[in-house]
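Order of writing sets the chain letters: A, B, C, D, E and F. Residues in each chain are counted from 1.
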Amino acid sequence: MLRVVLPKGSLEQATLQLFEDADLSVSRASDFDYRATIDDPRIVDVRILRPQEIPRYVADGLFDVGVTGRDWIEETGADVVTLSELHYSKATARPIRVVVAVEEASPAKSVADLPSGVRVHTEYPELTRRFFETHGVDAEVSLSYGATEAKVPEIADAVVEITETGRALHAAGLKILDTILVSYTELIANPVAHGDAEKRRAMEQIQTLLAGSLEARGRVLVKLNVDGANLDRVIALLPALKSPTVSKLFGNDAYAVETVVAKSEINILIPALKEHGATDVLELPISKIVH
Amino acid sequence: MLRVVLPKGSLEQATLQLFEDADLSVSRASDFDYRATIDDPRIVDVRILRPQEIPRYVADGLFDVGVTGRDWIEETGADVVTLSELHYSKATARPIRVVVAVEEASPAKSVADLPSGVRVHTEYPELTRRFFETHGVDAEVSLSYGATEAKVPEIADAVVEITETGRALHAAGLKILDTILVSYTELIANPVAHGDAEKRRAMEQIQTLLAGSLEARGRVLVKLNVDGANLDRVIALLPALKSPTVSKLFGNDAYAVETVVAKSEINILIPALKEHGATDVLELPISKIVH
Amino acid sequence: MLRVVLPKGSLEQATLQLFEDADLSVSRASDFDYRATIDDPRIVDVRILRPQEIPRYVADGLFDVGVTGRDWIEETGADVVTLSELHYSKATARPIRVVVAVEEASPAKSVADLPSGVRVHTEYPELTRRFFETHGVDAEVSLSYGATEAKVPEIADAVVEITETGRALHAAGLKILDTILVSYTELIANPVAHGDAEKRRAMEQIQTLLAGSLEARGRVLVKLNVDGANLDRVIALLPALKSPTVSKLFGNDAYAVETVVAKSEINILIPALKEHGATDVLELPISKIVH
Amino acid sequence: MLRVVLPKGSLEQATLQLFEDADLSVSRASDFDYRATIDDPRIVDVRILRPQEIPRYVADGLFDVGVTGRDWIEETGADVVTLSELHYSKATARPIRVVVAVEEASPAKSVADLPSGVRVHTEYPELTRRFFETHGVDAEVSLSYGATEAKVPEIADAVVEITETGRALHAAGLKILDTILVSYTELIANPVAHGDAEKRRAMEQIQTLLAGSLEARGRVLVKLNVDGANLDRVIALLPALKSPTVSKLFGNDAYAVETVVAKSEINILIPALKEHGATDVLELPISKIVH
Amino acid sequence: MLRVVLPKGSLEQATLQLFEDADLSVSRASDFDYRATIDDPRIVDVRILRPQEIPRYVADGLFDVGVTGRDWIEETGADVVTLSELHYSKATARPIRVVVAVEEASPAKSVADLPSGVRVHTEYPELTRRFFETHGVDAEVSLSYGATEAKVPEIADAVVEITETGRALHAAGLKILDTILVSYTELIANPVAHGDAEKRRAMEQIQTLLAGSLEARGRVLVKLNVDGANLDRVIALLPALKSPTVSKLFGNDAYAVETVVAKSEINILIPALKEHGATDVLELPISKIVH
Amino acid sequence: MLRVVLPKGSLEQATLQLFEDADLSVSRASDFDYRATIDDPRIVDVRILRPQEIPRYVADGLFDVGVTGRDWIEETGADVVTLSELHYSKATARPIRVVVAVEEASPAKSVADLPSGVRVHTEYPELTRRFFETHGVDAEVSLSYGATEAKVPEIADAVVEITETGRALHAAGLKILDTILVSYTELIANPVAHGDAEKRRAMEQIQTLLAGSLEARGRVLVKLNVDGANLDRVIALLPALKSPTVSKLFGNDAYAVETVVAKSEINILIPALKEHGATDVLELPISKIVH
């Protein structure tokens, strides 16, 4: 009963993968199709459209739920409800940033140092106008269709661009003056639909599945055995994320312990567990975690 | 001690993947080799040959066990024992269908409407002759070497072809009149070898491994914790596929529950479990299930 | 605090995969970069260099820990400490062998049959000189830059080459006379660094993570349920690798058993478990095993 | 001395190929670079930017010469001089068309039949507004960021899109109502630069090279021998494109004739030449033709 | 006005390339389409079908002209007219051979040595039956669907297969006993259509274009200058393929000579020309040659 | 009768392409084969080996003729005869340079500024030793197996490396101090074989074919017509490379002129020709030029 819109383009592959991991696989006749389906009773229609246009379409009620970036929500000023941030982007779990950049040789240290009449090219003209106004700079803002960073200094004096690591801007001989926005992918909803109790419950269930898959990506299940004498020391080592599941083993004074651990802590934890008496430590992959 | 024959061609990749998943990896010097080995004491010889020829070779005792499609078993009329259907095909778990198709513009609504002398091209001449005879139509059946659907209407009046979704036939401007056969991949055996107790036991063990891998593809392991008060409500939600494994947790009035769930039900089940008091719900991938 | 050097070239991909599996992911700006990082407090610097040069650099103290082949440790005669063999190579878990090969038509049956002045081309001149000296043959050893096996008989009379299966040598018309060395990939350390207690502990922890990942590759977790009457028979079937984890199920006289099994035994074990009363047998993938 | 701007994106590959064929190879540090050079004394600077922005930059004098589509010249209304049409596009020599399309089921037969308030989505909002105004229809025009044809009927009532064959629109269930513009790629110039005699001469020379390469693509050189008696009949068969080059052969009453022929006429011409007495007919590829 | 049928499968790519080189480009909506067009007034319809079926369809008058192998013409015994051999196959200009092969260890030296009842598998059952009958051997011939050479010795005693170099048969452990047929690709015609004067003329014109392209592949145009004193010596060196075109140069006692030479002779000819006084020797590629 | 050795590795593809262009195609059973053949009566044997080893093998008389780089001839100090430089390398016609490079931050301005004991890593130890000796610097030279530029500053103080554009060294943070050698690919011969008149003649003929192909790469044939009044002006424009071929046209006072022009001059020449009265200017590709 929910109409869903997903982003075409750079976020497309990662979004479809997330929905598949969440057991909400998106089916299309071909990879270039804009119409799709999800075999789920809560979802009646799926469209794949440009992320720039998604906030407006969700605000206008053409769709109940959408996935797009915070950058486009701000740029369009669309009236939507954020259900949750989804911490993934094109290739990583990091957010993108919308920044102001100028030539490396420029004496400017922040946007406030830029002169009146500064030529700014950007794919985010609204966001840019508001930001420069806030900082009291009278900028001449032009819509850019791409290749924006290549326009400095001949065509533009400054650019407002997205960046993840800053590497592409640096390679183009630019330096970052200010960050306008840190932007994660978001799951958004139409405010009216969100006010409807039944639709809201369906939205929250879908959000539970997506969040459960995202969270599982960075975690593993650790299982271990430990005898009674060492149980407390071993449990004390485990991360506080959730309380571990402890069962008594049959036939001897020993315990099976299992818990979920962030992958980034495993390299420290496993040697420590072993040193404190844990045996038969196993690490298993997880597909989904719901607290 | 079993001699095994596997299908070359469109089923080849999927069949080798299934055997690998079943811990019966097929080794070849190169991807184009027709001779192979499986490192398993029950299997002495492996050959990879055209699926059309496999029923006859198994019936003749050249091999004890084979994998091929029901379509070729019917076409050849070979005397073989079916150990089990294996629900996979080239890319999906769906069966193929052998259908009769004619031009979309044709007035015919079923095979019985086709005129005497109708020119039918097919890769299944025997199956086709039997089907048309049964329906009382005197057809002129020609063996086709491929590109069959492209022959209507100039070269053929009707075709008998395999199809999974009907899309290719539709794209060629044809409509389906009748389905002759719904065909799954099958694990077949030579009747004499199947009558030998020791060989039969080996065949059944191999079938257990293949079926265990196929079944695991569509399922996941769900683990959750629940306190005593909610245990019965949570268990009542779980699918009846098998009874869940319940262990009492150490040190508090809570239980660890684990069960196997079909992937297609997860999107509904997990939100429901959470709403009924389950905590720390985890979903884990499974490689094999044997009941 | 450890400086680490990893091998560029044929072992590179497999080594980086192992470190990633061990939750010690190696990050580089590009696939062609020689400088890298591992986000781990025990590791301060990572370099990716030719395996031939790694033993010398570790011996000289330019790095604390390195990964290279036993062949290059022997060739260079470098003074390093072996922390452990790592049983993987370019594509498999098998070692490579350094062998002496000659024309198939040669009457020689071992190195001792080769005449004085025999022209031997090899990428391992030191190893070769030592081996021929030991066998009392006065050889004329030349450093080969590659394509070594193609030089017999016009340019060389014998070659000393690595081989995994012997297939490439056979295809070049050569036969193997003797094996000089069986060479696994090794994790090596600088002796002085290894004498430092804190560094040694860090090395051992890293070795634990690498070994845990390697071991997990060939194993799976088997879970099953069994009633009290069959418990002992089922447990008797399980491999002695480690004692199984047994928990009593809640509410009936049955037990949950889980254990780790080598993949190569699964094809025999699962049918046997089923025949002895095990039910709901599940096989799950494992990412790491630490005893 | 000319500053040149070339189109990034769908026309990029074909434009760079044309410049290379014209012996004006464009060099870049990488395929993603926006700055380039052409080793030619008439050209001082080369940039590769979005075709949408090129008309404005050329009109503003940021560049002297540019390559872009007629569609973007019209959309921007930029004041530029057209040096010549260049008959190539992404993959063929055909132009693209900018068309108005609506649902196939729509009763409208032309733009004039569309109702007031019709929602039109397009990447060409200016062109669209002017066209609808001219036809007296009060349209609500929205800028589309892509996937435009997928928006009918839910999001848009009509679209203004480019098409080459109409196939993609047809596949999306749309029909074409009107053609707003037939658009070729064009070589354009800044009016002031074009007024400068020296720059104008350089522009014309470059245009000569580009046109010479484009024309050569569809033509071949035909050489043949013919004796005096048949000379006139054979020459009469040759296309009137240019007068053939005739030389008398040494030592007998025969002539060598060569001429340029369109590839599309060769299949008819060569058999005819042979039937009229031409011998030793040769067809040779041509790289450039300048009349 | 001619209906044309071209071979799908292993000959497809090479056939379409030949038609394109002959300025008879074959257009299809997609690479998998069986219907095509050629923009030529002599050709009304093009189909791409299995080469096995083409002789029969041409004989039956479903098509006027076809391209297929001599092997299938013989196998089907179809009544068709051969317009010309076209000396190309999958990858080379060499013919294929249809041969009888047996195990290398077999004592048989020719087909006549094979025992009565010999099991022969082949994709050419008719050709095989006729050949064995002629040689007085009573064979049990089975239609093979592929992988034929892999069936010896368990499933078949002998095979009848195509081969170009014999390498695949050798690699499968087989030896060739006899060659049944040397088979080139052929341009064939329906006998009735060939009897029609107008159609015959069209067929011959198309054959001229195809043959002209094929011949040009192995040849180049050589141009050179030579002074009067050396003219005869240089001309004497030129291959007798066709008489060279000689023109007197303007303003001095020198001559321009051009002629067509086989690529395989160029490596000998050019040094010889230079040694005999030719200067400014140029080699140019040719697209088509019609004598 | 010549035995030929060609370079395996980075020069391999370009070398085989040159031999093919020269109508001396190199045939191998597979791309990884070290033994090859050329179908030419002057060449009896072809081997493809590492360029490092080729100078020594040619000097030792194992081969009569070889292709390798000047760098390896100098490094090995082998006694060979250079037949000609072949101006091609991996991807371009430019030579490589062997240079000394150090950290960009180093104060050294030339090799003479480097301190005694400087650690130099290189694939050219002999060349390096000789160069440092000549410059009076006592260096500690180590053989490097690759990744050489990555060793500065931790493992090496300076490197001696090949470079074409200097870009890779710059990217690694290094600066070039001195150029030891500018190295082209060369065609070399064994001195004894070169002293044999018949072999020498064969070598020179092969060199003629290779040089003719290389020269043709950068040139095109220009053909044009011009009337008598403009003939001298047009001829005066043509490059002096060779005198143009002029023939009088039949039937009017006009001339056909053809000449060979460097591609790099075409962009200037063609507009000039047109401005001076040339008509019907054609540019044709050339395969080989022999003066």
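Note that contacts are C-beta pairs under 8 Å (C-beta built on N, C-alpha and C of every residue); 3 or more make two chains touch, one makes a residue touch a chain.
No experiment lies behind these values; they were computed from the predicted model shown.
Chemist: Can you name the chains that touch chain B as well as chain E?
Modeler: none
Chemist: By the touch rule set out at the top, what is the minimum number of steps from chain C to chain E?
Modeler: 2
Chemist: What rotation angle superposes the Cα atoms of chain A onto chain F, in degrees to the nearest 5?
Modeler: 180
Chemist: Do chain A and chain B, two copies of one chain sequence, contact each other through the same residue numbers, with over half in common, or through different ones?
Modeler: Both copies, chain A as well as chain B, present different residues to each other, with under half of the numbers appearing on both sides.
Chemist: Chain C to chain D: how many Å between their CA centres?
Modeler: 59
Chemist: Between chain B and chain D, what distance separates the C-alpha centroids? Give it in angstrom.
Modeler: 52
Chemist: If you average the CA atoms of chain D and of chain E, how far apart do the two points sit, in angstrom?
Modeler: The computed centroid separation for chain D versus chain E comes out at 39 Å.
Chemist: Which chain B residues reach two or more other chains?
Modeler: 247-248, 284-285
Chemist: Which of the chains touch, listed as pairs?
Modeler: The list of touching pairs comes to A-B, A-C, A-D, B-C, B-E, C-F, D-E, D-F, E-F.
Chemist: Enumerate the contact residues on chain D facing chain A in the complex.
Modeler: Result: residues 8-9, 34-35, 47-50, 52-53, 57, 62, 144-147, 150-151, 154-155 of chain D touch chain A.
Chemist: In the complex formed with chain C, which residues of chain A make contact?
Modeler: It is residues 220, 225, 247-251, 256, 263-264, 266-268, 270-271, 273-274, 279-285 of chain A that touch chain C.
Chemist: Which of the residues in chain D end up touching chain F in this complex?
Modeler: So the residues of chain D in touch with chain F come to 22-24, 39-41, 204-205, 208-209, 212, 216, 221, 242, 245-248, 255, 260, 284-291.
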